[in-house]
Every structure is written in structure tokens, then in C-alpha cells.
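Chain IDs A, B and C follow the sequence of writing; residue 1 opens each chain.
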Amino acid sequence: MTEQRKTGWLRLAESDPIVRALDTLLRGAGQVMFQDSAWTGLFFLLGIIWGAWHEGIPEVAVGALIGLTIGTIAAYILAAPKEDIRKGLHGYNGILVGCALPTFFGSTLVCWVLVAAGSFFSTVIMLAVSRFLRTWKISAMTGPFVFTTWFILLASYNFAHFKIVGLPHPDLPVQPSDAMVALPGAEAMMQAILKGISQVFLIGNDVTGALFLVGLAGASLPAAIFAWCGSAVAVFTAYFLGASGGAVANGMYQFSAVLTAIGLGTTFYSPNWRVALYALLGTVFTVVVQGALNVALAPLGIPTLTFPFVIAAWLFLLPNIQFMPESHRSDSPSV
Amino acid sequence: MTEQRKTGWLRLAESDPIVRALDTLLRGAGQVMFQDSAWTGLFFLLGIIWGAWHEGIPEVAVGALIGLTIGTIAAYILAAPKEDIRKGLHGYNGILVGCALPTFFGSTLVCWVLVAAGSFFSTVIMLAVSRFLRTWKISAMTGPFVFTTWFILLASYNFAHFKIVGLPHPDLPVQPSDAMVALPGAEAMMQAILKGISQVFLIGNDVTGALFLVGLAGASLPAAIFAWCGSAVAVFTAYFLGASGGAVANGMYQFSAVLTAIGLGTTFYSPNWRVALYALLGTVFTVVVQGALNVALAPLGIPTLTFPFVIAAWLFLLPNIQFMPESHRSDSPSV
Amino acid sequence: MTEQRKTGWLRLAESDPIVRALDTLLRGAGQVMFQDSAWTGLFFLLGIIWGAWHEGIPEVAVGALIGLTIGTIAAYILAAPKEDIRKGLHGYNGILVGCALPTFFGSTLVCWVLVAAGSFFSTVIMLAVSRFLRTWKISAMTGPFVFTTWFILLASYNFAHFKIVGLPHPDLPVQPSDAMVALPGAEAMMQAILKGISQVFLIGNDVTGALFLVGLAGASLPAAIFAWCGSAVAVFTAYFLGASGGAVANGMYQFSAVLTAIGLGTTFYSPNWRVALYALLGTVFTVVVQGALNVALAPLGIPTLTFPFVIAAWLFLLPNIQFMPESHRSDSPSV
């Protein structure tokens, strides 16, 4: 029935420009976790709205909608290839910029101007990074979102009109003590795994994480499974290495790992046992890089965003390892 | 008459090797703002000499001449393509290294050895970065100058024989207060715009800025207009974001923006309304990146130099946006 | 006789898979200084064992053997080209990871898991960096070792289960005083030069340095000469710039310079006078970059490892300068 509903929707999208625009925007939301699917995007937006409301920052949902829309419109203005826009490939960075800025800044005029300008910039940077990486047939991942947001977050310490509310204080790195490490119990573990998934959109809410999983499963059951497993692997890896229990409970070591697991395990390779092992390796690597970037950015007072995933994805995709005969491989995406 | 004088000079340059060498060096100075023009270079040198004298640091003018000469000679020794050298493409990084080091270091033996070695290194790095970027048909911009100078400035904190005089103290970033933000009055505004142009060569002097404009106008009136407008846009953007009024008055948020405006608006694209809007966007982006890099480099105690421009230029040129039919586009430069 | 012994060994390596595996591992050790030679690798291992024993950290030798083996096995698992593995090109990063981690961490379970995982990761990154750089026909150098180890060292400040023992305390950079600069006497100078060579494997021991030289000379006399001269040039350059005498005595400004000298002078170019001058320039540049990176990494509390060499090698090889007619040039290596 889901298939039938989607088909009806697709027919409508072909004939009605308003529906087509909506469909394009929803796919943009879905592409944050690599899904060219309006269904996924719809559940992602529902998850964001639920989470933003329940965490008491509705501005994050407003920012998400603005960023998604402006990022996509920017692609039309900048004459990006129509088929890329249609797949949502110019919406996913904008929506993340729109989630991030109201998370870290108070709701001032400068903040909203930056949401608009930043999501536009993110599409310029998307085109730039994609052209750069085309040489190696590698995707931009969430790099354009990260670069755009880092520039704006860093600039906030340099300009008086940014109202900083959610950034870590710039400081030299200090190792946490053993006493802060703790493996959560079964229920808290489930929550930590779901929050790790919701944190992909900078939201720490287990219902949001569950809505994201439903959205993923509607487009690709393996994607949902790899997302959940990636978050679980990250929880255990972080615990083994000695991460602060509070950070793990809030999903801070999981969100990049979730993206690595979905990307390596189901998007850029077709899932099989060897691919799953490679994705596992990449997921563990992502947690180490998460810790490394936490430290590297501490003196600057900005968060890693999803850059640990970007590093892991680029490094694990560049070798272009052939896990099966040429004819059976899934093609790398066009951007 | 200007045209005729230039033609006479060009004839002389063809027949007399000394005049040709002089012409090559002057073009090297002009290339800092993308002008393959001895006239521009002459006024740039006059502006540097005037500014260095009036700001009480004549060493900057001496450094400029040494850096320009050694950078260019290095290109001959390293067998760079003759036509690139002739256009001044191996002088503009050296002259900037020569301006920068005596600005930040006292005039010791080590300083002058580094001016000589640094301008030589800048040509090696120019060849390296140019070959790297050739894959995307993008120019090195002032990247080689920035990398060379950053290495030397950073090293100064590690070695006792560098006499540091003009570097910011390494410190964690702190947001300025609202009270420091102020829009200058009309006259101060004009000064801030001109100083923003002169700071391209690390000099804060309005007469120098005016001489630079005359030099630009002699080769390209649009270049002069975009330089002035770029500086003005940067003043207003920095004020809107809440920059410290003293820094704006001294041109610190404008110099990279000036280069972005000239580069995107007149050099790498032929000026028209759509290009002007794109250059405006790039100029605003440059001011945000200026703030971001100010913060990112604060713990290391080194200045951004023109790297905000380099980042903006690379990111806004990589998408290779077609603003008009293929046949009317200006070609990207050979290096 | 050496030649004959090697030939016998080679015959044995062809027929006996165990000997071939041993030969491959030894070549992996040798490749740290660009030598596709089991003889060189043997003396490098002897030097490591001697140095680790005498400096009281036998774990470094154990780590070296584990890292070398796992890095090489990883290349088989990841289906790297057989001829690259056979030349030792997938062992040299692993052996360095294995030397580095027990130098900076106490011998805990997490440490040894990271030696194993890190040397595996280093091969993934080797394949990634090599594919990235293939566009310019440039080698990965020790970049994969540096990136892997940096990620793990940075992460150590973020996780409680890493036992940090040998890392510099994270701090803002401070310039040393003139009083700390001193040129060592003749005997101390010889020691400093040899320790500079031994520090390529993170060991400060003059006998180890001498064993490394013997290993080099067995494969290539010019390589041994350039290694020694590179270390000597670095001692004098560091002294001229004003480096701390204690750091020079321990080889801290020399090890990257040694690699630059061998690489530029004998591996990527065939040695002649013009190449030697270029290698000299690159070696001096490496010492400046060593100082720069010491400062850049100070707030993060991690060492530069051999990244000054990597930067110098990439920047000085990218220009692809032709020092002699095409037909006489040594080809760039395949990876």
C-alpha cells in the first residue's frame, strides 16, 4: 500500500508543479541520510518538528524549513543540474544549516539573516566540493553543511551581534576521568541509540530517532538496520575507549557513526557480509575521529558537527575497494 | 595618451632586456590585484613606498622590492613557463612575503634572510599549488604567499632569533562587546574604505589606497570600481555583524573582500549584472570567513593575511557557473 | 658479497612463501626511508630493537613488529595491488604507528588494541591518500602514518581509558629565550646528527642512528650520505634560527629533514648537483615547517610526527621540475 501511495504521489508530482516542489524539498530532507525519498523526508521533518517542540527550541524546526527551501532555490538560481536538484541533493546541506544555527544562537535578526545566507552559501559550497571531488567520483557528503556552519560559528566569536547560547566555551583539552565512564542500562541504552540517530539533525530526542528510523525503513530496510546498528556500535566503542557517559547518553558519539554505517553499508556499496565488516571498521574509526575532532576544536569552542563522518566516508571510499565483480556493484552517485 | 605611453614602453621592453626585466617586475606587483599591467604595478609600488614611509616602517618597502625580485628570479631558476613569468605571475607572492615579514618582525639578520628565502619558497609553492589546481582550472590566488608567510610566522614562536614585533598575542577567542561596534561618519568611512584597499599590501594608509585605485583604473576601470565597492560592502557587512569599529577603521575586514570583489567581478568573469550579484555574495561571504579565521588563528597568534579571499575565491569559482553563453565568457587564466 | 647474499635470499624468497613474507615485511621497514630492500629493513629493525631496549621502552619494538605485520596483512585483505605490497609499500605506515603509540601511551589493553586497529586503519588511509594523489603522480609519503596517529593521539584527550605518558601538555605557544640556544661541540654534534636519523622511528639513540645508516648504505650509498647531510643541515639551520639546544641534541628538528633530504635528493630525483641544491632548499624549508607545526600543534598537545617532511615533499615535488632531459629522469614511484 505504501508503494501504491508513493506511486500516486509520484504521478501527482509529475503533473503538478507545487506537488513537485514539495516532493523535491522532502527528498532534500531524506538525502541527509542518503535517501532519495519523499517518504523518508516527511518522517525526518516530523521527527524534527516533534524534537524541536519537545526540547523547547521550535526555532530549529523553522530554521530547518527555511534552510531546506533556500538551499534548494539557490541551486536553481546557480543553474545546478536539474536532475540533482530533483533528487534533493541541494536541500540536505541547507536543512542542516537551518537546524544548526538556531541550536547555537539566540533568535536575533542576525541569526535569521545567517540562516538564509548560510543555506544559500551551503549550495555554492556543495557545487564547489562536488566539482572538486568529481575527480575521484566521491560525494560531498555533509561537508558543505559543516564548512558553512563552522565558518559562521567561528565568526560568532569575532562579531558582537551574534547571540551565542549553545556553544562550548573555548578551552584547552583536558582528559576526562575514569569515574565519568559508564555503560548505560538496557533502557537507557535503547534511548542512547535512538538519540544518536536523532542527533544527525542536532536533536537529542528518542521519539525523533524512532521517527527517523521509520522514515529510513520506508525507503530502505537495510538503511534503517545499519543506522540502528551503527549507533549501537558507536555506544560500545565509545564506552570501551572511555567516553563520558553523559555524552554517550545524549548521542554525541553516535550521530556521525550512524551516517558512516548507512553510507558505507548500504549507499555506496550494496550490503553483503564483507561490506558490513568494512562498514563496521569505518564506524569504529568514526568514533575515534569523533574523539579526535572534539579535542582539535576545543580551543575554538565549536562542535564537530558531522565532520567525523565526512572524514571517515572520504577515507574509506577513496580506496575504491571492489567487494564484488564489477557487474554487480552499485554505481557511485552522480554528485 | 596613457595608451600611447604604454605602447612606447612596450616597444622598449621588447628591445631592451633591462626594461623588459623592469616591466616584468612591475607586472608582478600589479598581479596582486590581478592586473597584467606595468602601469598598475608602478602605482602599487608608489603606494607601498608612500605608505611604508608615512607609517614609519620603510623596511616594508625594501622587503617588497627584494621579495618581488627574488620571487621572479626563482621562477627562472625553477624553469617556470616563460610566458607566466613575463605576465608577473611569479612576482606577486614574493612582493607580499616581502611586505609581510618586516611588518611582523624587527629588522634583524634572520628577518632579511627569511625575506629572501621566503620569497624563493613562495615561488616553489606557487608552482606546486598551480599544478595542484590545474585539475580544476582554478588559479592559486594569493595562497602561496599565505602558506609561506604562515609557516614563517608560526615558526617565529618556536625559535629565539625571530624578533616578533607586530603579531597578536596567542590567546583563546573572546567575543567583543556591543559597545565596540560603531559605524564611522562619512569622512572616516571614506578613509576606512581606502585603508581597506591599502591593507591588501598590509599597509593602513588612505593615500596608499587612493594610489592603488589610480593604478587599477589605468589598467581596468571596472577593477577600480569593484575594489572600491568591495571595500564599502565589507565595511557595512562587518558593521551589521558587529565587528569592532577600530578594526574596521583600519581596514582589517576589507582587504580580502576587495580582492574577492575584483576577482569574481572582473577577472575570472566579465562584469555584468548577474556577475556583480555573485561577486556581492562572495564579498559578503569573505567578511564572514574573515571573522571565522580571525577566531581560528587566535590561539596561534598569527593573522589571516588574505586567506579569507583565497577560500572565497576557490569556493565561488569551483562551481564554474556559466553566467553567459560559452562564446562570450572570459577565459580562466593560464595559471 | 652483499650482492651475492641478497641474490641467494631473493631466490629463496621466490620459492619459499615464509621467506617471501619475511622479505616483504623487511622491505616494509626499509620503505620508511624509501628503500625497497630487505637488508635496509633488517638493520632498521635491529636499530629499533637496540634503541627501544636501551631507552627502556621495549614496547616500541613490539609495537613496530605488530604494526608492520598488521599493516601488511590489511593490504592483502583490502585487495591492494600485489606488487605494491611486495615492495613493502603497505608496511611502512604500520610500523611507524606501532612505534608511535607505545611511545606516547602506557602499555594498557586499549593501547594494544589501538596499535592493531591503527595499523589496519593506516593501510586504508594509505590506499585513500595514494588514490587521491595519483592525479599528480605524487606519493603518499608518511602521510597515512601521521593522519592515523594524530587521530588516535588527539582522541586520547577525549577518552579516559588512554594512559597518556609521553605527550606535551596542551598550551598556548611561547617563544624560547636566547639563552636556550647553543651549538653543540663536535662530539655532541655527531650524536645530534645520528639521533636525528634515529628519531625517524621516534627513538633518540645514536647507535640506532648508526645502524640505520648502515642499513641505508647497503641499499644506496647516496641515500646514506643524504640522510647524514640532511640531519647536519637541520642542526645548523635550527641553530641559526634559534632553536632550543636541548631539542636539537635530541634530534627533534632533524628527523623530518632527513626524510626530505633522502627523498628529494635520491628517491624522486636522481642525485646530481642541481638536485642536491634543490634538496638542500627543501631540507631548510622542512626545518622552518618543523618550527611552524611545533607551534600550530602546541594548543592540542600532540607532536608533529613526520608531517613537516610530508608537507615539504609534496610542495617540492608538485612543481615537477625537470632537472635533466626526459629520458634520463628516474620515474616517480608507482604509488
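By our rule, a contact is a pair of C-beta atoms (placed from the backbone, for glycine too) under 8 Å apart; a residue touches a chain by one contact, two chains touch by 3 or more.
None of these values were measured; they are calculated from a predicted model.
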If each chain is a node and each touching pair an edge, is that a line, ring, star, complete or other?
complete
Proportion of interface numbers common to chain A and chain B (over half same, under half different):
different
On a C-alpha centroid basis, what's the spacing between chain A and chain B, in Å?
37
Which positions in chain B are in touch with at least two other chains?
135, 172, 299
Once bound in the complex, which stretches of chain B touch chain A?
135-136, 172-178, 180-181, 238, 240-244, 281, 284-285, 288-296, 299, 314-322
Quick one: which bits of chain C touch chain A in the complex? Just the residue numbers, please.
78-79, 110, 117, 120-121, 124-125, 127-129, 131-132, 135, 150-162, 164, 170-172, 299-301
